[in-house]
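Multiple structures follow.
Below, chain A partners chain B and then partners chain C, in two separate complexes.
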Partner chain A sequence: MPQNDYNSSWPDNLIMKVNDLEVNFRQAGKIIKAVRGISFRVKKNLSLGIVGESGSGKTVTVRSLMNLLPGRGGKVEKGEVLFKLSDGEIVDILKLDPKGKKIQNIRGNEISMVFQQPMSSLNPVYDIGMQIGEVFKFHSKKKKAEINREIIELLNSVNLPKPEERVHDYPFQLSGGMNQRAMIAMALGANPQLLICDEPTTALDVTVQDKILFLLERIKEKHESSILYISHDLAVVSELVDEIIVMYLGEIMEYGNVEVIFDNPLHPYTELLLKSIPELGRKQDKLEIIEGEIPSEDEVIPGCVFESRCPKAMQICKQPPPSIEKENGHKVTCWLYSQEVGNNGK
Partner chain B sequence: MESSQKEKSQKKFVSRFWQTIEKHTLAKIGLLILVLILFISLIGPNLTPYTIDEINLRASYQSPSQEHWLGTDRLGRDVFTRVSYAGRISLLVGVSGTFLSIFVGVFFGAIAGFFGGKIDSVLLKMQEIQMCFPPIILVIALMSFVRGGIFELIIFLGLFNWVGAFRLARGEFVSIREEEYVESARIIGASNLSIMFKHILPNALPPLVVSATLQVALLILAEAGLSFLGLGVRPPIPSWGNMLSSARQLEVLRTRYWLWIPPGALISLTVIAINFLGDGLRDAVDPYSGI
Partner chain C sequence: MENDLILKVRNLKKYFPIQKGILKRTVGYVKAVDGISFDVPRGKTLGIVGESGCGKTTTGKCILKLYETTGGEIVYYSDNREKLNITKLDPNQTHEIRREIQMILQDPHSSLNPKMSVKSLLEEPMKIFSTFDKGERKEKVIELLDSVGMNPEYMERYPNEMSGGQKQRIGIARALSLEPDLIVCDEPVSALDVSIQAQVLELMKRLQREYNLSYIFIGHDIAVVEYMSDAIAVMYLGKIVEIAETNELLEDPLHPYTKKLLAAVPRLGKKRERVLIKGQVGDPANPPDGCYFHPRCESKKSICTETFPGLREIDDKKKHKVACHLYQ
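Up next, the complex of A and B:
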């Protein structure tokens, strides 16, 4: 049992631990750093949100959590993704063979995922019942009649109207919201411990978005699973998640409880992000914006990645910033809060 | 409940097929001709009192009449019996040769397109090597070497005509493997095999069906050509090709039209009909065709 050495320091309420994950893409001889060494934890029965602009490495991060990167040209440079299986064994997902039996047994069964585009995430040649049924086929030994009953039950639980008829429908016969419900049903089929949602509501309109969020919340309570929710929409995330990771250019800027981060953002980037949300009832001529542009991913940045756009940038920001832990696990990666700067910087 | 579900989806497919065929006049004509030819070749030999190799020297070279609808050949064999039986042979060679070639092409094309990398480049090189040798020359060489019959003919025609299906299947797999529904199948724990053949292949089928239809016509022509050269189906088993071949004398061509018109016309008709049907299928598959 080589895995046992992880066990000693494994808290009970943890299901996933990501340590120093670094992912690079190679393109035309250039190395593009998509994820620059991030670490975080996913706790049992809690939802964690990852927010950031486009290109901040959110999607690449969660793809590597399921060891899905190799087909897409990305390479995990270093780091580990430790995951506690439901039978108690702790595995490093990145060390598993990406096409092997073990990872196939984790995908769908222990960790599942819902995508951004519900229309293109379902196979056009099969009806949705058959596609949901596949989860059962892969991960359980149930009989066909029993599976059929459970598919309908699942569709019912994601509030798809008339599930008995809808199971025979093809994805093109359903609306975007209905497809997304079918996708969620598919992801929930094997009752996974961790449900990853990669911007599941981006392609849907606002009313449907709200219903899907409500559904996800109920699922979390009912199935006692953890949710990893990725979005670029802070308002959406704040409704659903318990903890937030703010990412910028492949690095974690700030991490903490939702209320704490919204009330008391420490990192200048988070502050600016929150300011750029339009607020109902507040008179505004112009929305706040963050000056400048995201540097290109292949640029070598020795110091803080946000330094080029940060209004509070200092001389010391050219050096790699420290990760500082404040009260209640609130973490921020910024020079502003380090001891040395705090004393003589301002 | 299970069976009703299956019936429902089958009905859907069939009705979609009919809808496109109905709107496409040429495809309708093609299908009609094909069904007719199939019908004649299946029951034709049983309609006459003769067999394909019944020699009757006293009735040699008779012109079409009540007893012999399409006359007789030099040995007094009934041409109608032979030409309709030959239809079975030609269609058998065309269809099973196509199945074999599509199978081989799709198998390698799926592997090349799905896995990419080294396997892909090795298979692509194999395909390029194959393309350097005209399949018909290879089949001629091998058939004269093994002196084979129908079975060998089908095998060789099938094995050397895989390039078209390979290229099509590979292209489809390369593009479809990047689709999100393939990724979502992987996410729920599908194995490579299941992804390749259950999730990608059905989506890659439409262009393959079209090319398969046209391939049948090509192989029927190839069979006719080879039999004409004496390398395909061997007498006394009739095929349209070897019937033409035995009518290859100036005197026969000039005066005994019933020996060469029926097999020749049937070859052309079959090939044209299959091409019409293939056209219709292509339009059915292509959403931009405007039909």
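Up next, the complex of A and C:
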């Protein structure tokens, strides 16, 4: 089996390794570069946040992690997504047949996902108990009564009030926050190693968002699963995760520990982004503005993707920037921190 | 002091009937806005925050007379200090008032007609009010585009050829085209990306200074509303529960709901104690007796379940008012 090749160099604390992932979409004869060759690792029992604006490729990235890409012309050009199954086997998810048995077993059982719009991700014509039960039917061979008991237990664990009654409710009878809890319950059903949350609180009010974040924090502690949390909201991500990836136009700009990135952002994009957000009680007079617009995804950009909007852009930024590792695994993709620039000047 | 005001809202109510059966008999009312009062000083911004369903958008629409109000009055003071009660205008006057009160909508993608070019989008209000002739209109369009920081060449573009931020700029330019005095901004940046949001907020602030505009800024993102507003009203189930100058409200929130709401806002790079509000927002068709917030309130007293506390002034200078029995 080919997976044995990976085993030798696999650290114990890793569950997933993404190497040089590149995803393109073909639309109307144009090639849209959604993800431009990114690499990162997901560690055991740690939560990793991916932040970025629309078009930064964060959703496409996590969809490729579950091999859910095909459709509308999406294609993985290169790269690998190595995942360690709970039985110790290491597989490249991208090499599996997207409709095959193996990947079906990984989805839901090993990796599961919570989506942004709870209302549209749940089926309106089935009650939530039935939809959660499907996970069990699909992934285990338990009896009906036992499944029912487990569903109620799950709903209870996500703090849904009166789970015995709610289990027979349809999505339209529940509020947005309750539906999202049902979704999370469904995702937790098979006790996955990795829980991917794609903007799970974006459609919710702040007070409801707070409850969902609280719930996710508890899940993190209790289930010992890793969480991959995607959001455009830096503040939300900063509260929940241990490590953070900042993406822009399909590339990773900066990666590191949450506190390090917020206290000492290295990439000009991260720095500006943090200063452009109004923050409660900070009494800002003026917000920092990132000039210009996000370039279109079909644009061919040979150098740094942020160069067109970067206030610190130099001549050399027209060439692909190096990924530079600073202390404690803090990584930044920017010419500013390159030795070459330091020596030769601008 | 009334001279400083541009808008005075008193006891505004908007009830939507709930109709049932073939005969569409009215069986009840959703009290979307239930007796709210506030003032908007000229050249200033009043922020309205609250969760979905609290009636903030309905309030905005009542001010533009897009809804017939159920009760109360909205007094608008036009430039020449003429007093107009918006709730009692006839259709002709309504038409005229739209020249002075405009709106910026939330979703720039759906609020611009995809079949109209930027030029015709911006010209349309001027045509309706026949303010300028053809040549002047074109000049005005160029001026408008310039004031929102866009190149005149965008005139011939269509909405699908522009990004979200650019479309929202067009939405703002369109609201400005009749030189209004008051603009109701209903979540103008919620649909925009973070890096674009700051551009639009700064633009709106600059325009406010240049044209002495007054804003009513409706939003659910409290940090954004704080950044834009001179005073903030907090709404819950159709009522204003607290209103004060921005700094005062943030530094010394009094109402238990305001406190919880502020505590629920995520902060950048800080781990925060979670202060969870128990329960759900009540049903506006069948609100609880007494204070609407009492089923979720941790400091409730017996009186809270019986009577609704009126909005009471706590600090005259900072215009701090709160509707809570704890401070009566």
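Convention: the second predicted complex is superposed on the first by the 341 of 346 C-alpha atoms of A that agree within 3 Å, B and C clash if a C-alpha of one lies under 4 Å from a C-alpha of the other, contacts with A are read in each partner's own complex, and residues count from 1 in each chain.
Just so it is clear, a residue touches a chain if its C-beta (ideal position, glycine included) is under 8 Å from a C-beta of that chain, and two chains touch if they have at least 3 such contacts.
All values reported here derive from a predicted model rather than from experimental measurement.
Visitor: After the overlay on chain A, what do you see for chain B versus chain C, clash or fit?
Guide: On the shared chain A, the partners fit.
Visitor: Rounding to a multiple of 10°, what is the angle at chain A's Cα centre between the Cα centres of chain B and chain C in the superposition?
Guide: Approximately 80 degrees at the chain A centre.
Visitor: So, A:V125: does it touch chain B (first), chain C (second), both, or neither?
Guide: In the superposition, A:V125 touches chain B alone.
Visitor: Touching A:M66 in the superposition: chain B (first), chain C (second), both, neither?
Guide: first
Visitor: Applying the document's definition of touch, where does A:L287 land relative to chain B and chain C: first, second, both, or neither?
Guide: Touch status of A:L287: second partner only.
Visitor: Once chain A of both complexes is superposed, is A:F262 in touch with chain B (first), chain C (second), both, or neither?
Guide: Second partner only, chain C.
Visitor: Just checking: does A:L274 make contact with chain B only, chain C only, both, or neither of them? Give me first, second, both or neither.
Guide: Only chain C is touched by A:L274; chain B is not.
Visitor: Is A:F306 touching the first partner chain B, the second partner chain C, both, or neither of them?
Guide: Once the two structures are laid over each other on A, A:F306 reaches no partner at all.
Visitor: Answer with first, second, both or neither: which of chain B and chain C does A:G189 touch in the superposed model?
Guide: first
Visitor: Name the contact category of A:Y229: first (chain B only), second (chain C only), both, or neither.
Guide: After superposition on chain A, A:Y229 lies in contact with neither partner.
Visitor: When the two complexes are placed on top of each other via chain A, what is the minimal CA separation of chain B and chain C in Å?
Guide: 8
Visitor: So which bits of chain A does chain B touch that chain C touches too?
Guide: none
Visitor: Which chain B residues qualify as touching chain A in the complex?
Guide: Chain B residues touching chain A: 1-2, 5, 8-9, 177, 179-181, 183-192, 199, 202-203.
Visitor: Using the touch rule from the top, collect the residues of chain A that touch chain B in their complex.
Guide: Residues 66, 68, 71, 99, 104-109, 112-113, 115, 117, 120-127, 134-135, 138-139, 144, 148, 168, 183, 186-187, 189-190.
Visitor: Going by the contact rule set out above, which residues of chain A touch chain C in the complex?
Guide: Answer in residue numbers: 53-54, 175, 177, 205-211, 213-214, 217, 232-236, 238-239, 258-259, 262-263, 272-274, 276-281, 283-284, 286-291, 293-294.
Visitor: Quick one: in the complex, what on chain C touches chain A?
Guide: Residues 51-52, 163-166, 193-199, 201-202, 220-224, 226-227, 247, 250-251, 260-262, 264-272, 274-277, 280 of chain C touch chain A in their complex.
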